[in-house]
Every structure is written in C-alpha cells, then in structure tokens.
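Right after this note come the structures.
Both complexes below contain chain A, partnered by chain B and then by chain C.
Then we have the complex of A and B:
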C-alpha cells in the first residue's frame, strides 16, 4: 500500500491505484478528457498532467501508478501552463460553435477553458482543418467530428462495454476523425451512454438535442423501471416536462443506462396519456367511470378478484391487496409472479422485464393469496368473473380471460397499454409523477421519486383504489401510499 | 461482386499468422500481402480480412487509413510519395510538391491521365538525414531538387529506371 503526498496532503492508496485516483480520494480534482473510471486507460489527451518531484518532466496522472514516497503537485505554474497548452492544441481546429452546440453548459472544453486557459487563440479561423459536421449515426446519436477531441472514450466504450466495436479513429494526425463502417448504424442498445461520456459536443443525443439548455434542467434522483435490474437514474426536467434520463453511477447496479430505459420517459408526455376513464372504447369522466366500475364489481361481488402487478410499486400493490381483503372481502387475489431473473446481456438488461416482481412477492408474503396458476384456473372455470388489475399484468391471464369471457378492469397510464377486450380502464399517476418503492432482482429496495406533476385529476393508484372502495361502500382509509403497507414485512 | 480472399492468400496467411502468438498480430503483414497482390487495399478486402482475422472491421479500416503506405484505390504505374514532415518540409518539400503538381497537372491523391503517375504527400519516411525525400513505389530518392526530379520523371517515363516494384 503505497503512501504518497499530493498537494501537501498524505494518503495511502491501494497498490495499482493511479495518481488521478489517489488525488480523487483526497478530493483533488484533476482535469481529464480520455480518462473514464470504467474504461481502460488510454492516456492520450494529456490534460491530466501533474508534477512529480524528481521526475524530469510532467507525467499523466491517469496512467502513472502511485508509488511509495511520491511527492505530487497538481497546482504549480508548470502544471497550469501545461493545461493551458493542451487546451490551446485541442482548440486549434475546434469550430467554436458553442452558441449552436447542445453540449454547451456541460462541455469539457468550455469548463476547462474557463478554469485554466482564457487565452486568445493564436491560430486564425481560416486555417482550421475542417472535418465532417453533424450527421446521424444510428437511431439515437448525432456525430459532429469537428468538435471531437479524439479522446477515444467512445471507441473504448464500444469495444470494452458493448463489445460491438463499431467505432474507430480513422486516418492520422490532424486528419483523424471518429467513424464507423459505411452504412452501419451505431445501435447497440447502449449507444446513448456515448453522448454522456463524450466530453465535448461531438456525440449528442438526437432525442435531447435542442430541447433544453442544460442549465435550465432540474434533476431528480430516481430509479429506472424498465426491467428488474432497477438502475439508479436521474431525471432531468424543466417546467413540468421531462427532457432526458441519465444514469446515477453506483457500485450495486449500474454505471451506464440502456437506451430502452432512457426512452421510458416518453410515455409520460405521450399523446395517448390517460386523464379520464375508458369504458369499452369510449372516454368517460373519472367519477362516472369509477361508479360504473364499482357497480360492475358489486353485481358480481362473489366472483370479483384482484390481480397485483410487478409493474406497480410495493405501495400500490399493497393498496390492491387491501381492496381485495377489506372492500371485496375475497380470497381471490394474487401477487404471485415468478420470473426468471438475472442480467441477460452481460451488461444491464434483465431477463425479467418487470421492475417489481420481488416487491410483489413481499405483498404475497404478508397477505397470502392464490398462485398465478390457481388464479388463472379460477378465471378459466368461471369462479372469477370480474378482475381488477394493472394493464400489463393482465397479459399473465390473457388466455383464461379470453376463453371464459371474464370482465377486465385495468389501471393504465397510457392508451397503448390497455389490453384488447378490457371492459373498463382507470387512469393513474405514473412513477415519474408519484413516489413508490421497487425491489430489484438483487432484493435492493429503491425509491422512485416524482420529477413532474400529474395532470389535473390524475391520482396515484393507491388513491384511485381508495376511491373505488368508497364507491362500493367501504372505506380503506388510505391517506397516503404508506397507509396500505401495514402488516407487510418491509 | 463480393470480395473473396483467394486460396493462395489464405495459405500464405496461415503461414504468416503462425509466426505470431496471436492471430490479430498478423494484420499489418497481411495488409501488405493484399496490397502487394492488387496494388491497393479495397474496402471489401478490409472487410474480408477483418472476418478472416476475427477483428472488427473498424479496426482494420483504422489501421489502413493510419498508414499512408496503404493505398485505398488503384495507383498509377509510379506512385510518387513526397514526405511532408518537418525535416523535409524545412528542406524544401513544399516546393517539390508544387513543382510536381504543376508539371503533372494533378494534385495529391490524383493520377495522371496516362496512368503513369500518382502523387501523394506522406508522413515521415525516416530518412531525414537526406531530406527532402520522395519514395517511388518502394524505392527512395533522396536529397532532391527540382532538376533531379525532372530527370527522374523522364527516366521513369521511358522505363529507364529499374525499380524494386
């Protein structure tokens, strides 16, 4: 365990740690372009140079191993000059198109320039080497080679993380540029991470481009509900509109985020978002919809049932369990969803597409209920005639419902989710709008936090359940999401 | 027409690969083989070679485009490669390039109408001591001046200068 001194502070680091990592542990930030904690060390950008006592010249902190007794300085004139010089080189051919660049505000060139350079360029605009301007590469990314600093983070991401190796540096010296095979799309399921790790505006997100200047964005830490992996994320939004989702790197699940998870926010603002009830195919105001649903339940009281959902939070599932036990007073309920779980692509995507299979199991542990097979059997043989469930969970009993002609009453956020043949649909606030707890495939409890407000009248699912119970004559006394959790091991 | 590596090439390639601990290490010598046979490395050839070496296509393309010694299109009978790096630059390479451009009426990357000459500016040829330098196919011509160039072009035109290739 080498012990070294950085800017006068002493630290002991693990063997093999680099100067950059050691400095990081001390809270000393060293500027960098090519270094990324989850990619191999490349050492090409030279931005991270520091002074090491007795070394003949500056060394790159990202690729120099910490050694016993090293005395490192990151704040001398020499180091600052080196940073200024590197920036001057990087900016020789840079187009300086910040006013129309979407990276502005989170750009490594802008930030470091303000901090270390502020020097006027000695290179005339007319002599700049021109490279390819923006072009779409794949469904998610735009590539503007003129802005690239050739740090090769994108190249290493594709070869080391997705192992698809689409990208490479072509040509050499000042002709160099990033490219991929002609006609091939950069579409590996994780491509938007490249927009995140590209330190400049060379790779930008086609989805996010020009939607919002980044300094207007507000950030809400939350969890991705795209599958059972439950990656930690940050939702970026402004004026009640979500603009993008980025990963919140953590040791347990994720450094990255898949493209599918990043696009999940689109449903929140989609045109088919439900604010009213649907009976058969017609939209109807919420109160009459609830009344209609309640009377359908009442007329089949003995054969009404509740099916939870691995797409709903623990709290909302618990509210559904209360609906079954205290309002319908039935044993026909089920929170039993077994799914193969585990990372299926070696990166992030889980075999189980639902985010809360493990959370539903907590409800089953606390409240009991039928197995999914038994539930389906009772639907098929007509013992269950009316089912209250969530839209996507209805797929689990699709065949039985169809065969027996049972009535489906589903909660859905978007019209596209409504299963064919559903009798009634009630809207609810999604988890970008209301909090909820989810349990991922490792058993980690993670909170979804609201980033935006639901449309007027659209309530969280537990509140809708509460109302529905009132319409059929019982009060569940649910004043908040947690009220439903009583008696559940949590 | 899809490009196929010839059986002859594959036999040679297997032999070359066997010299290295890893198959992908044979990339450069195999590219030289391909260029030796066809005079240049075609896009489809890069693809076929990538598959043969189990390398990503982008890697092969990156290597081919990095080295100015690899031609990506057919060249004329004589490939004039003028070094443009610092020693040659200071010893007058820009003047030689301009001279050739004017004389042959082509710019870098082009071939004369008679198919005799292709002009290129290349990176350091490693002969700084005798700058300015030009490589023609695989032969070096050093300490060049405009007069020497003119004489050389005449000789080449009349096939009077034996070249290695």
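Then we have the complex of A and C:
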C-alpha cells in the first residue's frame, strides 16, 4: 500500500494503482484523452503528464504506478506548459468546425482548451492536414477523420470489449487516420459506445446527429428495459422529446450500453404510438374502448383471466393481480415466467429479453396464481375464454389462444406490438413517461423514471386497470402506482 | 591499433576459423552463464546502438527465476541517417555476430535468437542466412552446441522499412507481427519483451564485440578506449572528406584525428562548418566544437551532443543548414509512428516551418516557433523519436541562427549566392 503526495495532499493507494487513479481518489483532476478506466492504458495523448520529484522528465499519470514516498505535482509551470503544448499540437490540424460539429458542448478539445490553454493559434489555416470528412462506418456511426485526435479509445474498445477489432490506425505520423479494416463495418451491437468514448467529434451517432445541441438536453437517470440485464442509463431529452440514451456507468451492471438498448427510446416517439384503443383493427376512443372491453369481460365473467407480463413494472403487474383477485374475482391469473437468465454475449445482452422476469416472480410469491403451463392448458381447453394481458406477454400463450379461439385483450404502447388476432387493445404510458420498478437478473431493484410526459389521455397501465375495474363495477381504489403493492414482499 | 570487429578475409567460415573464430564460444560454454556476464561487465562494453547502456548490466536484468522462454534479439535495423556501420560489419564479419549471439544466448539462458535486419538490407540478410547455415552445419548453432547441452536457434527476420522499428520495443512489436510502434515502459524488455518473455536486445556491433571479450578477457577490452568508454567503436563518416567510410577506432579518439588521419581531411577547397557526431538525431557541433572534442560517450555529452551510433556527418561551408535541417525534418516527419501527440503533430509542423523558410515565405517569428515547437516535443513522448527530431532542430537554430534569419529576410544563407541552392 504505497503512500504518496499529490499537490501537497497525501494518500495511501492500493498497490498497482496509477498516479491518475490516486489523483482521482484525492479529487485532483488530471486531463486525459486516451485514458479510459475500462480500457487498456495506451499513453499516447500525453495530456496527463505530471511532475514527479527526482524524475528527469514529466511522466504520464495514466501509466505510472504510484510508489512509496512519491511526490507528485500537477500544478507546476512545467506541467501547465506540457498541457498547453499538447493542446496546441492537437489543434493545429483540427478543422475547428465546431459550429457544425455535434460534439460541440461536450468536446474534450473545447473543454480542455478553455481550461488549460486559451492560446492563440500559431499555425496557418492553409497548412492543415486534410483528412476524410463524415463517412458512415456502420449502422449507427459516422466518422470524421479530420476531427480525430488518434487517442485510439475506439480501436481499443473494439479489440478489448467487443473483441471484434474492426478498427485500426492506418498510416503513420500526421497522416495517420482511424479506419475500418478491409471489408468490415462497425456493426458489433455496441458501436454507439464509441460515440460516447470518443473525446472529440470524430465518431458521432447517426441517430443523434443534428437533432439537438447538447447544452439544451435535460438528463433523467433511469434503467434500460431492453433485456433482463437492466443497465443503468440516462435519458437525454428536451421539450418533451427523447433524443438519446447513454449509459450511467456503475460497478454492479454496466459501463457500456448496447445499441439495441439505446434505440429503445424510438418507440416512444414512433408514428405507430397508440393514444386510443383498438377494437379488432379499428381505432376507437379510449372511453368506448374501455366500455367494450368491460362488457366483453362481464359477459364471460367466469372464464375471464389475467396474464401478467415480464415487460411490465412490478407496480403494473401488481395492479393486474388486483384486477384478477378483486375485480374479476378469479383464480385464473398467472405471473409465472421462466426464462434463462444471464449474460449471453459476455458483455451485456441477457439471455432473457424481458426486463422484469424477476419482478413478476415477486408478484407470484405474494399473490400466487397458476403456472404458465396450467394457464395455457385452461385457455386451450376453453376454461379461459377472455384474457387480459400485455401485448408481448401474449406470445407465451399464442398457440393455445389460436387453437381455442380465446379473446385476447392486450395493453400495448405501439401498434407494432399488437399480436395478431387480438380482440381489443388498450394504450398505456411507457416507462419513459411513467415511473416503475424493475428487478434485473441479479435481483437488483431498479427504478425507471419518467423523462417525458405521455400524450394526452394516455395513462399508466395501473390507472387503466383501475378504470377497467370501475367499468366492470368494482373499485380497486388505485390512486398511485404503489397502491397495488400491498402484500407483496418488496 | 588492431581491428577487433572489421577484419579482412573473415567473411567465410574458413577465414573466420583461421582467425581463431568459434574458439571463444567453446570457451564460453565451459563457463557458467553468470561468469560470462561478469566478464562482459568487467570489459566495460556499452551498447553501440546509440544509448550506450552497459551491456553486462543489461544482461543481468533478466530475472533469474523467470519461468518460460527468454529471447535474445539483435537489432540490425540500422536506419538512422548517416549510419552504415552495422551493414559493413555484417558484410565483413558475419560470424562475429553469430558467435556473439550464441555466447550472449548462453549467458542469458535464451534458446532462441532473432536478428531483426532492416528490410532494405537484402544482400546482408542473404549473407547472414548463409553464414548461419554454415555455422549450423558445424554445430555452432542448433541443438547441443559443441556437446555442451546448450541449444540455440537463430533466425533472421527482415523488417518492412520503418525507421521506428529500430526502437527496441517497436522492433519487438514488429517481430511479433504487429504494427511497429514503441511500447510503454515499464515493463522493460528484460522483464516482458518478445512474446511477453524476458528479452535482451543488443545492437549488431555490441554483440560482435563479445567473442573477442570472451577470448581475451574483459580486462583486456576495458583498457582499450577512454575510461568509461571502453573498447573500439565503428565510426561511419559521410560528407565532403577525402575518404568517407567506416573506421574502427578506440573510443576517445579525437574527432580531428578521425577526420584528418583516417579520412584524409576535407576535400580540397572545402572548409569545415559543422559536424553531426552521432547520427542525424544528435545535436550538431560547430567546427570549433567538433575539432576540440573526443569521440567517446562522456566527452560528447560534455560538449552538448551524443556519441549515438557513431555516424559522423561532416558539413562544410558550402552547405545550407536550413536546407539540411529541412531534409532531416522530412525524414522524421515521414518516420514518426504517429502514436504520441507531440511527435505526430510536431514533426509535420517542423517540416512545414522549414519549408516556409526554405521557400522564402518564412519570417523571424517562424524561427522562434520552430524552436519552441521542438522544445514542446522534447522529452514528452513514449520513445526518443520526438527527441531525435527536436535535438537537431534546437541545436541548428541555436548555433546557426544567422542562416535561418537570412532565409527569413528573403536571402539564402550567407555562404551561397542569393536565392539559390
């Protein structure tokens, strides 16, 4: 456990810790481009140079191990000059196209220039090295070689995290550039992380480009519902529109975020977003739709059933459980979903595509209910004739419903989710618009927080359930999402 | 003074035998590895590639308890402008290198050695292949060498033309099949080198000196030369001298003697202006400084330059220092590996500044910028390539500023007709 002094402050750090990590623990910020805590140390940007007493030259904080008794300074003239020089070197061949660059506002060159340099350029514009501009390098990424500072974070990400090695530094000296290896594309399923870790505007997201200046974005911490991994995320939005999702790095689950998870927000603003009910194939206002559904339930009261969903929050599943027990007063309900849990690609993507299989199990533990097999059997043999469920969960009993011709009443956010042959569909607010709790594959409870407001008339699922119960003559007295949770170990 | 390295008639195995070749190997194999390292330490032999690090000490850095293989690598990627000594040595005395490697391999416990030779050295590589085959046929290379139980395989690996691969860790990357880019140190190659194993990397000239040290003893070698700069050194002289070429002389020889006695002085009508004493990356010396300096590690350091690879580049009054530096800058700009920011961007910037001055578009401000760009590169990169660019720039500007100012004022240097090169 070496003890060292950085800028006059002493700290003891774990053996093997670098000067940069030690400084971080002390709250001393050392600027960096190539260093990334989750990637190998490359030491090429030379931005993190610090002064170590008795060392003949400045050393890179990212690669130098802390040693007993080291006296480190990050605030000397020598260090400041080195930072200023590196920034000057990085900027001489930079196109300075900030006004049209999407990175502006969150750019390592802009930020560090303001913090550490502010020097006037000594380099004539016409002598700049020109490189390739905007070029699509995959389904999600655009590459602008001219803005690149060659920190190689992207190269290391592809070789160390996804292990797909699509990228390489071509050529030498100031004619070096990042490029795809021949015949490759950046389509490894995690490519948008590269836009995040790129400290400049070289890699930008094709999805996010030109949608919004980053300083207008508001940030809402939430959780990804793309699979059972339950990565922590941050939704960036403005004026009730979601613009992008980025990971919220945490020790338990994720540093990165997969492309699939990042694109999940698109459904929120998609053209097929439901704000009304659907009966068979026809759109219908919400109130008549609810009335119609209620009467279908009432006429088959003895054979109506509720199937929960691993895509719904714990609260909304609990509301569905209340619907079954207190409004339909039936034993025909099921919160039994079994799915293989665990990371399937060695990075983040889970074998279980549903985000809340573990959360549904909590409902089953508190309220009981049928097994999924038994539920399907009762549908198949006609004991269950009307099923209220969530659109994607209907797939679990698809064959039985088809065989027996049961009536399917589903909750859905988008038209594309509606299963074939559904009798009625009711809209609800998705979890970008309403809060909810999800339990990931590790058993961690994570909160989805609303970033935007739902379209007028679109209500959370628990509120829809409440209404549906009223229409069929019972009050569940649900005033908020948590009301349904009573009696559930949570 | 007799030559230790550059001998005549030893290129073939027969000639090498006649001169007592491969006896030192036999002698070495009877010793313990530690005894060989001790002998080399005693000799005072220092790395001839440029850095001058004590060879015996370098060998002793190989961890004694390290598991797995160890490697010996010979750096024959001779690419520094002005340097052509290793090529000459390989052509004249290839078996000295092969024998030196076998002894070094035995000393550090390596069963495999690689000679990483500059790609352009086609004939030299072929010659080495033949020499190794001959040595193998006689049992000096291969399994159970001379019945000692020591196995040593030797391979020639040709580079692909990058100057940076002369830097030892870039060489290792290249040898492993990757793009030649220097590695971060530590870990040093002695701990984690080729294929992640302990590795010693020595220059051709260093390894070729080992058989003589084995044969005649470290104490004998240590007496040659000047103090801490022991032994002989190959000096390759280029420029307007009467007899340019490679000369083997004891370290500590006055530069004046090398020029006047060995090289027969400057060509008629030429007047000495400056000397780059140790290859293009070392700081330039003015004529006065050059004629007062001795060629050994310490004297040249004291004179503000370096012994480097022993490449003595002679510059006479008719040559333009700005033009010369422009040529060097073009080289380093082309050869920077592009990894570290200061070198990647700085080398190009320096070349552009020199182009402006050479083309008559430069200003006095450009001269100051030139110096400060070099200063900003110095000592701030993973490997010394940035320093290799910065040192000549800073010394040229400091010592020959008037020529740069003449260019900035729209004239060429004073020694030439205006506006012409």
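Heads up, the rule we're going with is that the second predicted complex is superposed on the first by the 488 of 490 C-alpha atoms of A that agree within 3 Å, B and C clash if a C-alpha of one lies under 4 Å from a C-alpha of the other, contacts with A are read in each partner's own complex, and residues count from 1 in each chain.
Keep in mind that, in the parts below, a residue touches a chain if its C-beta (ideal position, glycine included) is under 8 Å from a C-beta of that chain, and two chains touch if they have at least 3 such contacts.
Fair warning: this is a prediction, and the values are worked out from it, not measured in the lab.
Trainee: Could you tell me whether chain B and chain C fit or clash when both sit on chain A in the superposition?
Mentor: Aligned on chain A, chain B and chain C clash with each other.
Trainee: Look at A:149 in the shared chain and tell me whether it touches chain B only, chain C only, both, or neither; answer first, second, both or neither.
Mentor: So A:149 only meets chain C here.
Trainee: Quick check on the superposed pair: does A:122 touch chain B, chain C, both, or neither? Answer first, second, both or neither.
Mentor: second
Trainee: Looking at A:173 after the superposition, I want to know if it touches chain B, chain C, both of them or none. Which is it: first, second, both, neither?
Mentor: Once the two structures are laid over each other on A, A:173 reaches both partners.
Trainee: For A:181, select first, second, both or neither according to whether it touches chain B, chain C, the two together, or no partner.
Mentor: The first partner, chain B, only.
Trainee: Using the superposition described at the top, determine whether chain B or chain C touches more residues of chain A.
Mentor: C
Trainee: Pick one for A:404: touches chain B only (first), chain C only (second), both, or neither.
Mentor: Touch partners of A:404: none, neither chain B nor chain C.
Trainee: By the touch definition at the top of the document, which applies to A:63: first (chain B), second (chain C), both, or neither?
Mentor: The answer is second: A:63 touches chain C but not chain B.
Trainee: Figure out whether A:90 sits in contact with chain B (first) or chain C (second), or with both, or with neither.
Mentor: second
Trainee: Should A:46 be classified as contacting the first partner (chain B), the second (chain C), both, or neither?
Mentor: After superposing on A, A:46 lies in contact with chain C but is clear of chain B.
Trainee: Could you point to the stretch of chain C, among 74-82, 146-154, 200-208 or 362-370, that collides with chain B in the superposition?
Mentor: Stretch flagged for C-alpha clashes with chain B: 74-82.
Trainee: Considering only the contact definition stated at the top, list the common interface residues of chain A for chain B and chain C.
Mentor: 168-169, 171-173
Trainee: Sort out for me which residues of chain B touch chain A in the complex.
Mentor: 43, 56-59, 61-62, 65-68, 123
Trainee: Quick one: in the complex, what on chain A touches chain B?
Mentor: Checking each residue of chain A against chain B gives 159, 165-173, 179-182.
Trainee: List the residues on chain A that touch chain C in their complex, please.
Mentor: 41-47, 49, 56-58, 60, 63, 81-82, 85-86, 88-90, 92-93, 122-123, 127, 129, 149-150, 168-169, 171-176
Trainee: Within the complex, which stretch of chain C touches chain A?
Mentor: Residues 162, 164, 179, 184, 333-349, 352, 369, 376, 379-382 of chain C touch chain A in their complex.
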